[in-house]
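In what follows, chain A forms one complex with chain B and a second complex with chain C.
Let's turn to the complex of A and B:
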């Protein structure tokens, strides 16, 4: 990375799509760009979690003089004099390729179909190995389980094309909080039917309440067979925490950030797009540029 | 009863796994950066990584079980299932591939009645497909527990399992 040692102050100037922007040195490019109204889609990014750069959707072009490079903006710290292109033909072309690749893996995921529509991707040139596959290996569930929940119940198993997300449900690590299912951008984790079944079997008759395991309630016992959506406690907690998953509240993670990213569709699609039925004016979606036209 | 016997066997494996892991940790030190070295030692001693061993390693190194599991499933050198007494690795690197190693692999699959990655029922052979073994001039190459068999043909490969069994038999008679 090119560094400019002549800047003594912390405030630096970068050029974002031709506009000069001031920001703090070392801030993450994605945050700065979104704050200044650029539309950059992401799937593997979540405020409060370690940046991962797995989905490649946030790839932008950075330049300095004659030097230029494509980087993932979600984990790129900015520096003085940086020029950034977030929606040029070149960047969009690259993004379309990424969308094609993701679509070939998880063709049924609504979030990907929306993205494809936004960017004018109609077909994918890559073969699909499993039509039922929903997971795009973005690692959000693994990171939320490690960083936020602290249960370390989920991890990547295998490698290469055999890589998948695995869980060791019998090892008493999973607390059944459902944060993984909640952050999953493609709804690949079916928490309630499969996972809770294992969870139930493991605890037998002596079932601690999920919310007490999350640290939201003092130790209490579940009387409802882990069918939380029918439980009064669940309703109360959900009212308290809406629309953030309770575990984020329990861990004191900044709600606004989590909320803005977690509303999967509203983040993905610019507000004036037809699929954006949310109607919200979240800070993440407000004032974004119009969707890039088909190139 | 068969079930009781199976439980007893599992318990024996678990006890041995704990012993092996404790030895490895004592030798190499109980720090997270020794994880792979410890896994390698257990793999060498036991031939595979039993679940009980992974659990013991996680306890000893004070790291989440899942983290140990991720590493253990990442590397091809580790196996989570028991392997046969002889691990036959057929090289399918570029040089061996162009010299028809896929046919040799197929011949061995037929001969042993198993597919790549499986172990014969009698626990004698495990058949693996590996990348380049670094002996391209000898290709196609087969490696059996560290012994290299070069310039293989389908006919030679078909005789190999019996040959290995005989050699072992002679070895034990002495």
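Let's turn to the complex of A and C:
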């Protein structure tokens, strides 16, 4: 029944909540719907990352003649004649259950409390297995580390209700960039106090600056014991890169201007770290097209 | 591993070579009496390899080694009767039974090494059956001599399984002698890929792995998908508890699967193939590997197969044991070396599958059907079955029936025929329900058992064909407990990626546990239905969308049992331990003291020759006392 995309070139017409709209064949439904003003909430979606379809919050109903199906709009390629319902009672009922299920897992997360308020979810019937849990397993951290940072330092471990994100921080793969913490919708990754602590242990005395590992600064040594909040370099780069995380800048995703300023900053940085010799600033070419948007 | 057969292993460069090899294999030596000894996993577990050794030794002692051919075959399907031995004799070697009737096929169940000598003497030298060791059918308690007369086999229609009990799976020559690779020769020699796809489409073959997608349509889509690198895969990651048909086919007749895959690769224009088989099937892995080696040696795999322009190779990949890896996208992720979790299938595997290339994945049984369709013609295949489901299907018939095992039946046969005629009915009298489709199938109540086995019919009543599990339940089965069991299994096997499957199964399990403990509330049933619907509508993969089936179908057909648990705190089947009690019936008790001795928690106390007392607080309701009592003096309430 589903027509697969060939090339996303030809213009087609779909019906979005009763309104005919035009779009390109094979475009992703969520993008088209949001562009046309539909409100579809998401938790595991971030522009620029591989669609994942895990939270199921963006599920909508698609129809064609007598055929209908619930699909996740974040990864559904559209085709001519498709009818889409983004906010009917039936669709919202599915969303409410997703919110109810996630709320039981991470009841204190503001993003879930807001969603619960929007959709009128007041209680949850799902059991809470770990009151300290904050992670909702959206996988944004895993994908940002894979797709943007390219470090592949974290991944999922376990299955079913035992599934969790494994942060193999002692593994040499992590560059301490904190992008995982930055994209996390529920603040489940405590970068400064926990993760950097592991990072500190791994490097011992000759610690390279996080920003040199990200490729933003020529190889330099951290003299602040990874207490980044005290570090002038950290503050300057963070300010320069606002509102995006520096690693996105490092990967060429945002703002060439910021990169040139950072390069100039390298004069203020203390002597080079032996293992991280220069040349590292020009590699910011990873092929991501769009900056991250809000979740 | 070299085949035992002394025929050559030279590369076959064309179809004539294959025909010549086949002709050389059907010579006079095959008139010897055959001892077909089941060496499948089931019979191995019951000690068939010791029986095999004994046959070798005794035949040697009797100087009959050259006069009798012993074949270690694959699974015959009747595993509960193992180790199985079938004597297949020529007309002039027939044996007489007690009534003087002659037989050329004699079936012996439960063969022990100590019985081997006598079996050989009786069958080969004295030419009569050993009546006390023959199979006795449970319904009338009469002995049956020939395999084909046993009700369990008589009502089956064995096509895919036909060669399983006849050939040695580790010897390619056995398969070739029985007409193996003839379909491949026909396809490569005379047909074009479109013609092959056309035949498969017209045959009406649908995927046997559970989805029931039309195979020909899948192949056509993969063939027409843009891309020069295409893959063909065989799904042998059978994970349903109690189901083992794919294992038995791959173990017992790997070449039929391989032949099907080569034909498929030709139709699709793929040059690389994978057999993804679970590592818990060591014999299937071994036999598939041996079969691939032998097929390569004969040039049936590799470059320019049988002198044609088609080249194809297959690798065996062992799965790591996750149930979800039987799902197509999770299987491919696992093949690619990633974590075995599913992804969205909005773009078909036929277009973007393994490593993003057009790919075709079929189940073991589907592949094994392909050579049959080519050999017999699609018309013969399409003649069998119902409007929407053609051919045969292998089921793993288990549960409370008298005869359990693997059964191959034509589509359209009724569930009642399978249970009553093949399975011999249930010992307790009446069937309560039949659960089809593995852990995520549904329970079909007794009044619906006359429905035909058909993909669409089973889905219509809230169950599914699945890969072919068939569990028969009677009055001693608690339907709430059944739902709880399957949900527990699926909860442990859910990958946890998507919210509905991960959280939904967690909540369902929690509720069902409570109901089984008599702590359920009536509104729990609404929650189960609501969450079940949500899961089936919005889960990411088929594991999640079908996982609520056991709950939803039992709620639909056996709601009264749920209500009895909740409102009356009673388990009608007497299964849920928290809701049952045992009582000593003083008038029946003889004071033998057996129950007191078997009680593991000393809950039963009493001096010899006295009626014992039962302490309900110490009793763990294991039922050991009731089983031990010979005077019906302990009852479960």
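Note that in this section the second predicted complex is superposed on the first by the 245 of 295 C-alpha atoms of A that agree within 3 Å, B and C clash if a C-alpha of one lies under 4 Å from a C-alpha of the other, contacts with A are read in each partner's own complex, and residues count from 1 in each chain.
Here, a residue touches a chain if its C-beta (ideal position, glycine included) is under 8 Å from a C-beta of that chain, and two chains touch if they have at least 3 such contacts.
Quick caveat: nothing in here was measured; it's all calculated off a predicted structure.
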Which partner, chain B or chain C, touches more chain A residues: C
Which of chain B and chain C A:230 touches, first, second, both or neither: neither
Partner chain(s) touched by A:166 [first = chain B, second = chain C, both, neither]: first
First, second, both or neither for A:101, with chain B first and chain C second: second
Chain B versus chain C as contact partner of A:153, first or second or both or neither: first
Chain B and chain C footprints on chain A, overlapping residues: 155-156, 158-159
Residues on chain B engaged by chain A in the complex (per definition of touch): 55, 64-67, 69-70, 73-74
For the chain A and chain C complex, residues of the former touching the latter: 2, 4-5, 51, 53-56, 59, 70-72, 75-77, 93-94, 97-98, 101-102, 104-105, 125-127, 129, 137, 139, 155-156, 158-163
Interface residues, chain C side, partner chain A - complex: 322, 324, 339, 341, 343-344, 346-348, 351, 491-500, 502-507, 510, 527, 530-531, 534, 537-540
Residues of chain A touching chain B in the complex: 146, 152-159, 166, 168, 171, 173
